[in-house]
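In the two complexes below, chain A is the common chain; its partner is chain B in one and chain C in the other.
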Partner chain A sequence: MAYALVALGFVLALNAAGAVNFAHGDLVVLGGAAAVFIGAWLGLPSILLLPIVALAIGIVGIVAARVAILPLANRPPEATFVATIALAAIIEQSLTIAMAGAPRTAPSLAGSGSFEIAGLVVGRQPLAIVVVGALLVAAVWFLLEHTQIGRRMRAVAADRHMARAVGIPVARYVVLSLALSGALAGIAGFLLGHQFLVAPTQGAGHMLKAYIAVALGGWGSVPGALLGALGIGIFETFVSAGFGDAWASAALYIAVLAVLALRPQGLFGEPVGRRA
Partner chain B sequence: MSAVLEIGDVSVEAGEIVALLGGNGAGKTTLLETVLGFHPGRVALFGRDVSGLTVEQRVQAGVGYVPEGRRVFAGLTVQENLEAASSLPARQRRERVAEMLALFPMLGERPEARAWLLSGGQQQMLALARALMDRPRLLLLDEPTLGLAPVVVVDLLKRLTAMATDGTAILLAEQRAALALAVAGRGVVLSRGRVVRRGSAAELAADSALADLMAGA
Partner chain C sequence: MRPSSFWLIVLVLPPVMALTVLPPFGQRMVTLAGIYGLMGLGYQLVFGQLGALNLAQGALFGLGAYAAALTAPVLGPFALIAAIVAAALPAALVAGPLLRLQSHYFALATLALASLVNLAAVHAESLTGGANGLAGFATALPRGPVLLVMVWVCLIAGVLLYAWLFEGTLGKKAHLLRDAPLLAAAHGIDAAAWRFTAFVAGAALAGLAGACSAALSGVVSPDVTGFSVMVLCLTLVVLGGARHPMGAVLGAVLAVGLPELLRELQGAWLLAYAVATLAVVLWAPEGLAGLIDRLRGARRPPPVPPGLPDIVPPVPGAQRLTVDGVSKSFGGVQALADVSLLVDRGEIVGLIGPNGSGKTTLLNVISGLDHADEGAIALDDHRVEGLPAHRVARAGIGRTFQALELAGDTRSADLARAVATGAAFLLLDEPAAGIGDGERRALEAFLAKVRDSGRGVLIVDHDIELLSRVCDRLVCLDRGRAIAAGRPAEVRADARVRASFLGLDGVAA
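And now, the complex of A and B:
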């Protein structure tokens, strides 16, 4: 479910910016690091720390929009790629310095331990990840499908030039989308940072998973990205349980190549000319 | 009567349809997009200079735009396309959507259909309805009859005439001069970005050199 949040944020930024935000994976790591440092500093319970981390990384998303995306809106998409890659490098190097290269553990959202439901042992933290992830996905779906802000975000994603021509303040919606994307990345980083630690170099891995989820689900498709991410999570869990983590990663990339060879547009199609 | 729009040698007054004629590359789209603010240029709207205003500010001042190729928001439904294009408060916006769906029955039959599923004629009506959502005083149309069935063209031109009768100023860019001049009061011929002929619709329709002018000869 945490992958779903990473992929959801990735696709929101992709649709708003019209180009891949290569710093997205590092925003996830930054979320984990923010949970570690702000948690240690304020000593707040995780449930209060979560919105603070979301807000902090949401603000970083706004900075990304203002610094690396909006100023390059009229340039070829390659300019945004380079700018966001630079931003990713800045975040990674800053975290390497701040964390002295040592991985840290983010606070647990629901404490450690597990309980039993109908004979099944369920960990408190994995369950918390599923519940928080599902609530956030539902909230973003409601925003996009049932509010004027969401309709306008989708209009901007569909045709930025035409959105301006009907009076939508496009720059404002790009910033809003990047803020939301950053907040989701931050929360995902918090949730993943307890189970898988927080290390400055994890950004590329998160980025790759999000990219794969969106490519599998259909470039630019929000439901496709969610299903792609859930598919990756389930696939990795089962293969890992049977053959170990290394085989799970290898099998994932083989499966992705096979799916894209058979259905290059992804499972839910893709708007023409958007892949980058 | 004061001009609703003045840009270079082109002006449009309230309740008037002006045909903007010219072949491919004549500069019709550039002129319309300059009015909207996508390109720099001196433009007066509703009696004041708006050259310093953004696209969004000009649209809010009362300009509606129907682009060439319709460019509806493909993944949004008919109703969502209309709502997304409106800056009205929620209640007024919903009332206006209902008015548009009643005014355009072919849209009213399928309010929940995704725009990419609509026929060309339905998409053109959606593009027009979208432009009308916030009751523009000036409507800019770029090749609205392109690729439409004759019966839809007739319906579209009737609607434009009715809107002008209600006081809307309309600048209608068309390559098909006869169609545009049939509903316009005046016309302007562009070639390579410059006005090369102007006159009443009747004068231009009777001008034997019109085709050559539009071809840029």
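And now, the complex of A and C:
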């Protein structure tokens, strides 16, 4: 479910920016790190910490939009790729310095331990992740489908020239999308940061999984990205249970390569022209 | 461009200094810079010249390093050749399917391949030594000053060859291929062969660089296949200049030199390097080498495109273009439904609408490239809807084409040609797509002259701001229907225009 949040944020940024945000994985890590540091500093209960982390990484998303995405809107997508890769390196190196290289654990959301429902043992943290994840996905869906803001965000994603033509302040909606994307990444980082450690070098891995989810689910499609992310999660769980983590990752990469080799235009094709 | 004596001196200076005045530690640094330079030079072929974001260059570097480490005990110095093959061969095998992919899928596929190589390096312990890596092979490989000389001779030769190759027609071809693949094909350039060659040559250089780095450090661990090598390679090429012959060398020297200069900052040098890269992407896209050229005044100013004529003479002919109730469908899809509009002499009419709303189809139907199923098109009283395209043109309707595939100067030439035909009415398809601000202003001024000459213009473009400034009226199409027409401000404020666009169904977010 946390993958779904990562992929959801990734696809929002992708559609708004018209290019892959290679720093997205590092925003996730930054979310975990923010949870560690702000949690230790303020000593707040996790449930209050969550919106603070979301806000903080949302602001980082705004900075990313202003620095690395909007100024390059008229250049080829590769320019945005490189700018966001540089941004990713900046975040990673800053975190390496701040954390002195030692991985940390983020506070848990719902306390540790587990309980039984109908004979199944359910960990509190995984359950909390699923609940928070589902709530956020539902909230984003509602925003995109049923509010004026969401429709405008979709309009900007579909055709920014037309959006500008009908008077939508495109830059503002790109920034807004990146803020939302950052907030989702931050929350995902917080949730993942308790189960797995937070280490500065994880960013590329998160980014790659979101990238794969979006490529498999249909480039630019929000439901596709969610399905892709859930699929990856389930796939990894089963393969790694059977053959170990390394084989799970390897099988995933090979699967992606096979898909790209057989269907160079993506698994489901692309709905509207090219949106690299 | 031919490397100037300035750059030749810069190129030769590091190895000469290393051999004459620097201590062994300094020699080591210069060797390392040379190695990064080789990797970067290979990357320039793919990223700079093909414009493809290859994220596997680091992995290819790692393949070279492992191949050298594994074969050195048997092959001795010839292990370097084995390393080149070990990188170039897999690259050649995957190049076919890989190079067909669009930019974002290409980046993903290369990233997945690189991750596979990294996984193999960590987990195939019997072959690679796992996380501990391999050691104790370096005695069989060139070392010390010999390695330094070898690396820099290869690098200097590579840079000179690169400069020589891309100075002339090949550089122009590469440029055309990057920016206008279809036009390149029309000029008889074999894109597939050229992309394959560049990709494999880039891989070979990465393999050689990897082998030399193994020889230099004496150990090979999975780190050499990691993403950080890739990021270093990308940033050094971007920082130095992705296409400039000296770009990789300059970036590599900085990558090795900066940490020494910024020693007090310790770990922060990578941070500084990343910040510098971002700054270069934003403000000096041609890289530091290009920037230095500009400051030295060495680079010739970009050639002035043949440009647009200064004077647009008036032309005789019909006074009004009428489109009345035109419909057109392709298969079952209604591309145009009952579209009517007028263009008078001395008037610019802009055509807007979402992608696929029928704008280009309308221009095609008016200019006779397609024929309407229903409706009339007339110049004054002279009906033209049944005429073939060349007769429509002779009757007084000039046409430019969607210029996505044309470079800037070709585009101006297309526009100038359409005006020179003496047509009283011009149909312009996306004349402003992909041009810079300066060209955009020139285009605006030119359109005003065309209007003042008494020609009528029907123009399609995505740049709504430009259209609002130059057009007297706008017509908005939505799914083949004209849903609004009037002064630009009115059309942009029209509720139907906004709704047609915002209600765009079937497009997820």
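The rule is short, and it goes like this: the second predicted complex is superposed on the first by the 258 of 276 C-alpha atoms of A that agree within 3 Å, B and C clash if a C-alpha of one lies under 4 Å from a C-alpha of the other, contacts with A are read in each partner's own complex, and residues count from 1 in each chain.
Going forward, contacts are C-beta pairs under 8 Å (C-beta built on N, C-alpha and C of every residue); 3 or more make two chains touch, one makes a residue touch a chain.
Note that the structure is predicted; figures quoted are calculated from it, not measured.
Superposition of the two complexes onto chain A shows a clash between chain B and chain C.
In the superposition on chain A, A:71 makes contact with chain C only, while chain B stays out of contact range. In the superposition on chain A, contact is made by A:158 with both chain B and chain C.
By the touch criterion stated above, A:82 is placed in contact with chain C alone, chain B being left untouched. Once the two complexes are laid over each other on the shared chain, residue contacts for A:254 go to chain C alone; chain B is not touched.
Touching more residues of chain A than its counterpart among chain B and chain C is C.
By the touch criterion defined above, A:212 lies against chain C but remains apart from chain B after alignment on the C-alpha atoms of chain A. Look at A:90: by the touch rule set out above, it reaches chain C but stays clear of chain B.
The clash between chain C and chain B in the superposition falls on 422-430, which is one of the stretches 116-124, 134-142, 296-304 or 422-430. Residues 151-152, 154-155, 158-159, 161-167, 271 of chain A lie in contact with chain B in one complex and with chain C in the other. Residues 11-12, 15, 19-20, 67-68, 71-72, 75-79, 81-83, 85-90, 93-94, 96-97, 144, 150-155, 157-159, 161-167, 204, 208, 211-212, 215, 219-224, 246, 249-250, 253-254, 256-257, 260-261, 264-266, 271-274, 276 of chain A are the ones that touch chain C when the two sit in their complex. Within the complex formed with chain A, the chain B residues making contact are 36, 38, 55-56, 59-60, 65, 67, 71, 73-76, 80-81, 83-85, 87, 90, 93, 130-131, 134. Of all the residues in chain C, the ones that touch chain A in their complex are 47, 51, 53, 97, 100-105, 107-109, 111-113, 115-116, 119-120, 122-123, 227, 231, 234-235, 238, 267-268, 270-271, 273-275, 277-278, 281-282, 285, 352-355, 462-465, 492-493, 497-498, 501-502, 504, 506-509. Chain contact summary for the complex, chain A toward chain B: residues 148, 151-152, 154-155, 158-159, 161-169, 271.
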